[in-house]
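Down below are the structures I want you to see.
The same chain A turns up in both complexes below, where it pairs with chain B and then with chain C.
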Partner chain A sequence: MTELIFHPGLLLAAAAPLIAWLRGPARTAAIVAAPLAAMILLWRLPQGVLWRGQFLDYAVAPLQLDAAARLFGLVFALMALGGGMFALRQPNRLEIPAAYLYAGSAIGVVLAGDLITLFVFWELMAVGSTLVIWAAATHASYRASIRYLMIHLLGGAVLFAGITGHVAQTGSTLFTALTLDSAAHWLIFAGFLVNAAAPPLSAWLSDAYPEASWSGTVFLSAFTTKTAVYVLMRGFAGTDLLVWVGLFMVFYGIVYALLENDMRRILAYSIVNQVGFMVAGIGIGTEMALNGTAAHAFSHILYKALLLMSAGSVLYATGRRKCSELGGLFHSMPATTACGIVGALAISAFPLTSGFVSKSMIAQAAADSHLVTVWLLLAAASAGVFLHAGIKFPWFVFFQKDSGLRPADPPASMRAAMYLFAFLCIALGVWPQPLYTLLPYEVSYEPYTAAHVLTQLQLLLFSGLAFFVVLPFLKRTATITLDADWIYRRLLAAAARRGISTYRLVASALANRVQALGRRWITAMNRNGTRERLFDRSGSTAGMAVWVMLMLIAQLALYHLF
Partner chain B sequence: MSRHWLDDARNVKRLWRGFLALLVMLVIAELVVEPHPHFQPDALFGFHAWYGFLACAVMIAIAKLLGSVLKRSDTYYDRTP
Partner chain C sequence: MNLVAHLPILPVVVPLISAPIAVLSRRGSVAFVLATTASWAALALAVALWVQVGAEGTISYAIGNWPPPWGIEYRIDTLSAFVLVLVSGVAAIILPYCRRSIEAELPREQHYLFYAMFGLCLAGLLGIVATGDAFNIFVFVEISALASYALIALGRDRRALVASYQYLIMGTIGATFLVIGIGLLYLMTGTLNLADMRQRLADVSDMRPVLTALAFITAGMSLKLALFPLHQWLPNAYSHAPSAVSAFLAGTATKVSVYVLLRFYYSVFGAGLVSDLGLREVLLVLSLAAMFAASALAIFQTDLKKLLAYSSVAQIGYITLGLSFESVAGLTASIVHLFNHGITKAGLFMLVGGAVLVMGGSDMSRLAGLGRAMPLTSFGIVLGGLSLIGVPGTAGFISKWSLIVAALERNQWWLVFAIALSSLLALAYVWRFVEAAYLREPAQPREGGREAPPSMLISAWILVAASIYFGLDSSLTLGSAMAGAQSLLGAAP
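This part shows the complex of A and B:
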């Protein structure tokens, strides 16, 4: 029976070459049908291990389903659908196939029952996402994609070392809950954290994602970091360290986004911020916290895609990315503005949006576990989200001073994708029950109490007041803020250049010296008494035979001695 | 090209008044709505209002401080050193 089951991730990845080959309406149909089919499959597949196999001497389970895997798989397929619709008019023919390979591999990671399958899909994801960045076909995107690939290959190598160690120690490849009790498990942990954009290597995200095309960044926002959230949830739930890693990411994202001028880099830093909430939730590790993490991953993927679609529409219409060159676009792009605002409200967790019903579960879990400091920091961070993504993004792109630009809203296919995701952001907020039934544990949480709505509105609207009070300090300048990527883009690069030039200097000086010595030696030989040159002389045959015999004896003696 | 109602400074002023009135009402509403705080700090009156405001002020101050050290022109990486 097991042979008859299709793998939803492989199905989506297999559609990639087909989409690259098809043209016209058939291509559009395939772009819409492939993710839909993956969603239906995910919905219908029973839970448990569905595929078993043997790889070398190890039992593997390439297809295994649980509640959390179904939730992540569903939202990945939904994301592929929305992103595919949004990218229909993308002239580059590589991008959607690459994105579907990427999305299919992400589904493969969450459906992997063993670490070997997980690793294979993990690396395929790196290939797919690099190709998506490449598809922008600019010099900057090419260079960014190479830096991106380097970091992910490094993370993959660390993960592989960890998996090898784990398999050697336990003899099992199955992916179960792990503890940080051995070097191998620390390596697996580190490999996962690289993809979650955790410190110290978090800069790859804001470096690479904004270099993709107007539609490519939408795909990129969803899969890599959220598969990392899923595997951390499955492997390291309740690891205290993750609470602090998560909180660091939350505030790092806010501070860098506040300083940023490029609208899509603001949203990229905001991804790190949002993943920080999820990582902190995994660290808290209670059922409420893990439910909150899963729910937040689901709603985050939708509103972040919506925000990046609205930013992508602006880029598509104006060709500009910098806040300092944008503004006043609400005049001529009302649909994009409205969708951008819905996404901004959802990421800020306004009541009646998806963020409100998901993020508050993580804060509630911190409160239930009596983590006062964590709860206070999460509340401050929620205020900060409204500040950098909820107001800053829509304000500087669509309002502020009028840039005089009057581009029209994007074409119908792009608008349709935005409307779909805007609808979902609000629908999940108004009617959270379907999302709650998908969660890994039973939900006994009611987001809509009068006190919760009131306190959340106080927190957010007073943050809004703070934004406008200090607005003169937030004036946009054409600047970037140096991040950890400076270490490998400047410091190490300069060190390598210095090293190479020093090596060249030393090597050429050495070569000159050796040449000079050789010349002096030969001239000395030539002057040496006889008129014969050193290499022209011929010795007697008997003398030669003696020398050879001596050497053979010496070799024999050395062989026996050592 | 027709002027949008938001282009009128009077309307923007009205929006501001409405927003400030809403803020005041949100704090006053705390007298009516039964609160259920988790800890001691959030049992204080208007906690979420002033905490949200202060948290944002602090985060912006930290960002400005960090920016004064780490800000560079956005062509920084385009130049070959």
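This part shows the complex of A and C:
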């Protein structure tokens, strides 16, 4: 290494304390400048291993760049920029620094050349995102953040066990393509899937994300699941199991989103659904599919952020989050409505939006690989996406009945962030070529053929029709939808309480029992019973002594009998 | 007189002599200077020994020029030098801390007695490690234990007396078991020298008394090192003792007991004998029980000192887990964790002692808002907590890593998972503190931030910084631990 190379992720993370410390225009400048600097750095860095090091006798490569890593890194930095602009007016001063730490460590994960660096950034990401949820500073967000953190640390523990196993078996820490042939690799796989919100632990996402502040959710939507997509792509491309995991996530997301009433929770389920598409693409594993996955991750981050910004603006303006309490906002919030609709069109993969040029690549890859079932299911799911995110969200929030609310559009900084992302959603749809050149493999895909456009329009038209036909059934009431998180929020908590009290009961009963036995024995030995009183006076000391005796007897028995 | 030749015994003798002089002086300040000087001298001597052992190999020293096995032998090998450095180092860092801490907690007329006891306890602990003679071990165990009963009883509330009494009963049982075990060994071999004992054990035909000795020594030392479920004396003793005492004992006493166990297992009984007996399985089960049950109990404590005490029990589980592997990797993990946990936990108890001084107690409700009131103290506690969890970049991670490597070597995947899972429990109890210190509002608003006295804060932070340093550069600790493990198992160094 002849010249000093900065790490874009560390640069962004290092800006976090600075932003926490700065005030006024200097803070605004830092918020805009840090992600821009990270983007420029990412753009200019050459490919290959840029940092080498040594940790515990293993070679590590904390900074390594390839095409896919650059693509993900760029969109993460872009996301930090948009989210930072959107959150400028957030009164909580913790949120943006936490989000930049989060974004910086996400970039660190994608630029990690070895598993140890990856793990460190992975955990930092969990901490950063937890702080973002926290920054909402409500009781609900605090509790959600703790549940969120626990799930992620559990995932981290699984991942860590897998990584150490892999390193111990192969003697190398480098992160290369893996196959599911050993326990270690299964554990790594499972650790990655936890962050991708794959079943059975999908519920953390829709549990925690909607509890963040109106601007916090925007940040959260982008990084955790997409880094998981990236590492799965790098480690487990072409694993068949992923196709089915992905399809499960696609439909899980649709069903729960259709049942949901909270507007941001609808969008959170829709993240699971969209990540499902990407996971399925990784499972297919052809160059086309992986290109599609990367492109879809890129465009998904932009339009999902746009959707959540419009939802965040509504929350900011009205303080309400339930569909049943909203409606008719297009009168007074035209800019927010327009941006929300652009995001909705993009997520539904409408032609001339970013969703169209990326999602269709995954479906095409399924078709090319002659996976008919997969292709059909993906097509059906596309219609489902239009139902839950494309129409349901804007319809219930901005149109539907008139809720009587007349809030104004949000302040200029928030509008600017939305306009930026809305522009990008459409620009990528109209000129997909710049995105395609960034993809990991060469692209020979032409999205705008008559067949593609017609198929997609028909699909959207019919599902749109279906939406309004079944509208009466979709009217949301204030309900709670039960998900797998019930298992750990209620069942396991109860079981843990039960377990601890049982342990105490058994332990004390056992000690008492043995103590009583010993006491009877001692009384029999000396009739006047002086020792019995001694035992009584210091019960607990006697209890301890009983344990020592048990230990000794057990060992003696063990050594002499076997 | 050539002092270098007497190096092996000097770290023990210096603090031992400082104690009676401290008593005779009857002045707290004189006693403080004496004890501090003695502990720093002991540290310097221990480091010198460590360097010498590294260069020349095991040192044997015959007291009064009586050659072993007839005379008492002091024997310093890589492992004992390493533990000597740990014990004297922790003592040397804690003593400057004691001054303000003891002034606040003890009446003036007890100060010189405190330092005398401290010197005795230190001499006892160092003696256990330095000696190569079985009966000498017992004597030093008793010296250090008697001193520590007195030290604990000095705690400022009356529960300290009960805790000390319980520790006294338990400690006496443990020491009695130890001496019964040593007696049986003496009966069968006719020698008290550890190295000699090992050679003669090979010729012993009737193994029954030897096995009984093994059982007694294991049970006795398990009690002293607070192996679950024989840990019950520990939480009360640690939480009611004066803060400096909690820190010193947490960092050294249980660790030295582990050392005794290691010494008897591998230098006397030999790896072959120990592994055939099902002892490994017993240790494995009890270690796992400690890692999970004690961590779970720690989560439910409302007092921070007690929480840390239960956490000690859990961390001891990691040490004995490494023991149960009976491989070089496993013993390396044990020894390195013995060191890493010693410095981390001593640092934590010292910081908590500072918080107790300012906030008036270690109850979680009193510590609410500590992050704002005492930012340096609480940040140090968080860093130490990270090391307890085993976050990469802390000393705890190095321990956990070597433990996992040892488990993998035996292909025990479920253990890897268990280790990772129990660090989650550690996270939960560390989180209890974070929540109290940073998230809860203080019960009554206090006047602006007031930190602990600088002498206390600096001492504590030295240990916290060390626990970070040894997480980043582990060549010193891991290297020594591995050399110690290899010499114990008789593998080529």
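The definition used in the following text is that the second predicted complex is superposed on the first by the 493 of 562 C-alpha atoms of A that agree within 3 Å, B and C clash if a C-alpha of one lies under 4 Å from a C-alpha of the other, contacts with A are read in each partner's own complex, and residues count from 1 in each chain.
Throughout what follows, contacts are C-beta pairs under 8 Å (C-beta built on N, C-alpha and C of every residue); 3 or more make two chains touch, one makes a residue touch a chain.
Nothing here was measured: the structure is a model prediction, and the numbers come from that model.
Enquirer: Which partner chains sit in contact with A:Ala335 here, chain B, chain C, both or neither? Use first/second/both/neither.
Expert: The answer is neither, since A:Ala335 touches no partner chain.
Enquirer: Have a look at where A:Ala367 lands relative to chain B and chain C in the superposition and call it first, second, both or neither.
Expert: Only chain B is touched by A:Ala367; chain C is not.
Enquirer: With both complexes superposed on chain A, which partner does A:Thr541 reach: first (chain B), second (chain C), both or neither?
Expert: After superposition on chain A, A:Thr541 lies in contact with chain C alone.
Enquirer: In this superposition, which partner touches a larger number of chain A residues, chain B or chain C?
Expert: Of chain B and chain C, B contacts more residues of chain A.
Enquirer: Quick one: classify A:Leu22 as touching chain B (first), chain C (second), both or neither.
Expert: Neither partner.
Enquirer: Which residues of chain C touch chain A once you look at their complex with the stated criterion?
Expert: So the residues of chain C in touch with chain A come to 165-166, 169-170, 173-174, 177, 208, 211-212, 214-216, 218-219, 222-223, 229-230, 232-233, 277-279, 282, 293, 296, 300, 391-393, 398, 401, 404-405, 408-409, 413, 416-417, 419-421, 423-424, 427, 439, 474.
Enquirer: Quick one: which bits of chain A touch chain C in the complex? Just the residue numbers, please.
Expert: So the residues of chain A touching chain C come out as 56, 116, 119-120, 123, 142, 150, 153-154, 157-158, 160-161, 164-165, 168-169, 183, 187, 500, 503, 507, 538, 540-541, 543-545, 547-548, 551-552, 554-556, 558-560, 562.
Enquirer: For chain B, which residues are in contact with chain A within the complex?
Expert: Counting only chain B, the residues touching chain A are 1, 4, 6, 19, 22-23, 26-27, 29-30, 33-36, 38-39, 41-42, 46-53, 55-60, 62-64, 66-67, 70-74, 76-77, 81.
Enquirer: Enumerate the contact residues on chain A facing chain B in the complex.
Expert: Residues in contact with chain B: 251, 254-256, 258-259, 261-262, 322, 330-331, 367, 372, 375-376, 379-380, 383-384, 387, 399, 406, 449-451, 454-467, 470, 473-474, 477-483, 489-490, 493-494.
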